[in-house]
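See the structures that follow.
Each of the two complexes below includes chain A, the first together with chain B, the second together with chain C.
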Partner chain A sequence: MRQSKEFLVITFSETSDAMAAEKLFQGLQIPGRIIPIPRQLSAGCGLSWRTEMNRKEEARAQLSKAGIRWQEMAPVTLWA
Partner chain B sequence: MIYLDNAATTIHKPQEVIDAVTAAMTTMGNASRGAHDGALTASRTVYEARCKAAKLFGCSRPDHVVFTCNSTEALNIAIQGAILPGSHVITTDLEHNSVLRPLYRVQDTQGIRLDFARADAQGALDLDHLSRLICPETRAIVCTHMSNLTGEMVDISRIGQLAREHGILLIVDASQSAGNTPIDMEKMGIGILCFTGHKGLMGPQGTGGMCIREGVEIRPLKEGGSGVQSYRHRQPEEYPTRLEAGTLNGHGIAGLSAALDYIGRTGVETIGAKERLLARHFYEGVSRIDGVRTYGHFENRDRGPVVALNIRDYDSGEVSDALSVDYDIATRSGAHCAPRMHQALGTTDQGAVRFSFSWFNRMEEVDQAVDAVREIAQTAD
Partner chain C sequence: MMVTRVDAIGDACPIPVVKTKNAIKELHGAGTVETLVDNEIAVQNLTKMANQKGYAVKSQKLSDDRFQVTMEISEKAGLSEASQAEPGNALGQEPQECLVAPGARKKNIVVAVTAPVMGTGNDELGAVLIKGFLYALTQQDELPSTILFYNGGATLTCEGSASIEDLKSLEALGVEILTCGTCLNYYKLSDHLQVGGVTNMYEIAEKLTRADLVIRP
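Right, the complex of A and B next:
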């Protein structure tokens, strides 16, 4: 059976923003990866960044510093 | 073949461009459509290409780099989407049909009032005339950076200054200058820069785009699949998706991205200097030949790597055909989609034979082309 846990998910309205965030986070060695936007956060489609819950403030600060647009930042329980 | 039709398209591409397209065609999914490896490879590739284009052209935001099929599509999006109905618009006699036809269209359908800044008999833009055409209703200037027919350069910085002073949107067609002439759209006062990937940038055909200054609003020409915000009725408002409905030419953009790396490593100034040296050498060779007439001011001014000429009153098509069949030299004859420029030069009937040079041409090829022109001029009657 698949295990689930709570992740921090950051959503973007634009693929280019998601790509910019991925590049930023990888450069800063903030763990995580691009995933499809979970349905809890959007009924549409698109990309989001999944990371550990304890990275929220760091992620928020770095996105703000880099001027990268994001939509939502929320805890979501996902398959680990 | 000696290929001197680089203003139409560059035929010699850096090997890394070809390799990048091949790799993309075996690994890339659809950009912005999903989060699996294939789709993400495509999304990352496209995003990196946006970053490189933004850097090359001085665009402050990579997400304001929009990819299109070519300059024509970019210019159509810009002209039909950024100019409000009823506006006054200024363009020039130097323009290609990719500017003229979209402008004639909005003139016919949206009540745009259109004025042309004139070119002199050698095809140089009269900037004073352009400045005198500006009026309170002027909303846009649409202007080429370099004539595709003669290589005449336009002082975009000066026009950008005029545009800034009067609050006018400046749309620039950089089809001929991108890759061989430094461009900094922010410093030059450009609102929308339209470029193609397959000429001086040495990328694949089917690639091009536009760089949009922050704050410039453009209505989409197309609406459709975007991979994001799927339940919205209309196209998402954010750039670049606003203007990129449908699947991008990801394979081509991968090649363009490699081309931008090549240009970044080599240097636009280095490329431009070599191409201009080849053109200058060609001009100096042919201008000494009896019966040859070149078009343009060649003294003490920067020109693009293009030389247009005619031999006596010979049909330009016949001359170009003789160059191809007898000497295996590729040139372009006829009107070059630049009708008003031919009117200014007085060559609407004869057309002109255009020689255009690239980074991959060699001086020996230029010498052979000069010899061929000399022989045609001396032997035909």
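Right, the complex of A and C next:
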């Protein structure tokens, strides 16, 4: 069965920030993964972090604590 | 929550999409629409429509000629559909919905992964790119039939690869994942394969020659 659902996608303007966020979230065991920025958000290239919708506040707090700049946090429906 | 069933068995494009859209309008709010169709092309067209509209969608093969596509419509999306003017509402008046031609046979797409990287230039970047490519395959409406891994590409189906989960989900969707046995042996990875099957050069040659389209990332 193929199933789509809503994810929280966090975008970054710098690839290095996306990779730093990956390291941060993996260290904190916040579930999620690096994905190419979904087409629904931007036609540009670059990386983003995909996580569960209910992790928004936690992710926001941890990014700000670690001083990692992010661009946008948006819900996107993707194949799970 | 409201569940509506749409029977589109025996219907050619665009009828399944039009019937489903009408059922969504009839919801006048949140709800679930389950559409039954008899071919994979209709599944693809319905899925594309759902993705364009941002509805959560799942599809299931019930038998060789029965497929069920289920869409979850949010309150907001349902109300907005219901309130839209309906010039194209009549059956058969939305030819733009036939994104995949009616009667088309599923294309036999084969992806040949020949290296642990995508493109040439910088291999650190190339490794990030191939990981992104294999993820992006999981997000396509039209999936390949087979993904072949050979030479350096064979490392991507083995322990330590960052793409195992994506390849497993593609396999679960019916994509055949095959890695060259000679290559596994050469790289001493025979005991470390994590996803898919092992193949030989005859099968690789057969898959490539019988493909409608070969993609080499």
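As a convention for this text, the second predicted complex is superposed on the first by the 79 of 80 C-alpha atoms of A that agree within 3 Å, B and C clash if a C-alpha of one lies under 4 Å from a C-alpha of the other, contacts with A are read in each partner's own complex, and residues count from 1 in each chain.
We take it that contacts are C-beta pairs under 8 Å (C-beta built on N, C-alpha and C of every residue); 3 or more make two chains touch, one makes a residue touch a chain.
Everything numeric in this text was worked out from a predicted model, so none of it was measured.
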Which of chain B and chain C A:E6 touches, first, second, both or neither: second
Partner chain(s) touched by A:L47 [first = chain B, second = chain C, both, neither]: both
Partner chain(s) touched by A:S16 [first = chain B, second = chain C, both, neither]: first
First, second, both or neither for A:I35, with chain B first and chain C second: both
Common interface positions of chain A, toward chain B and toward chain C: 34-36, 47
Touching residues (chain side chain A, partner chain B) in the complex: 13-20, 22-23, 34-36, 43-47, 69
Residue numbers on chain B that touch chain A, as the complex places them: 31-32, 34-35, 40, 43-44, 46-47, 50, 62-63, 227-232, 236, 238-241
Parts of chain C lying in touch with chain A, wherever the complex brings them together: 47, 50-51, 54-60, 128, 131-132, 135-136, 138-139, 173
Chain C partner contacts - residues on chain A that touch it in the complex: 1-6, 33-36, 38, 40, 47, 77-79
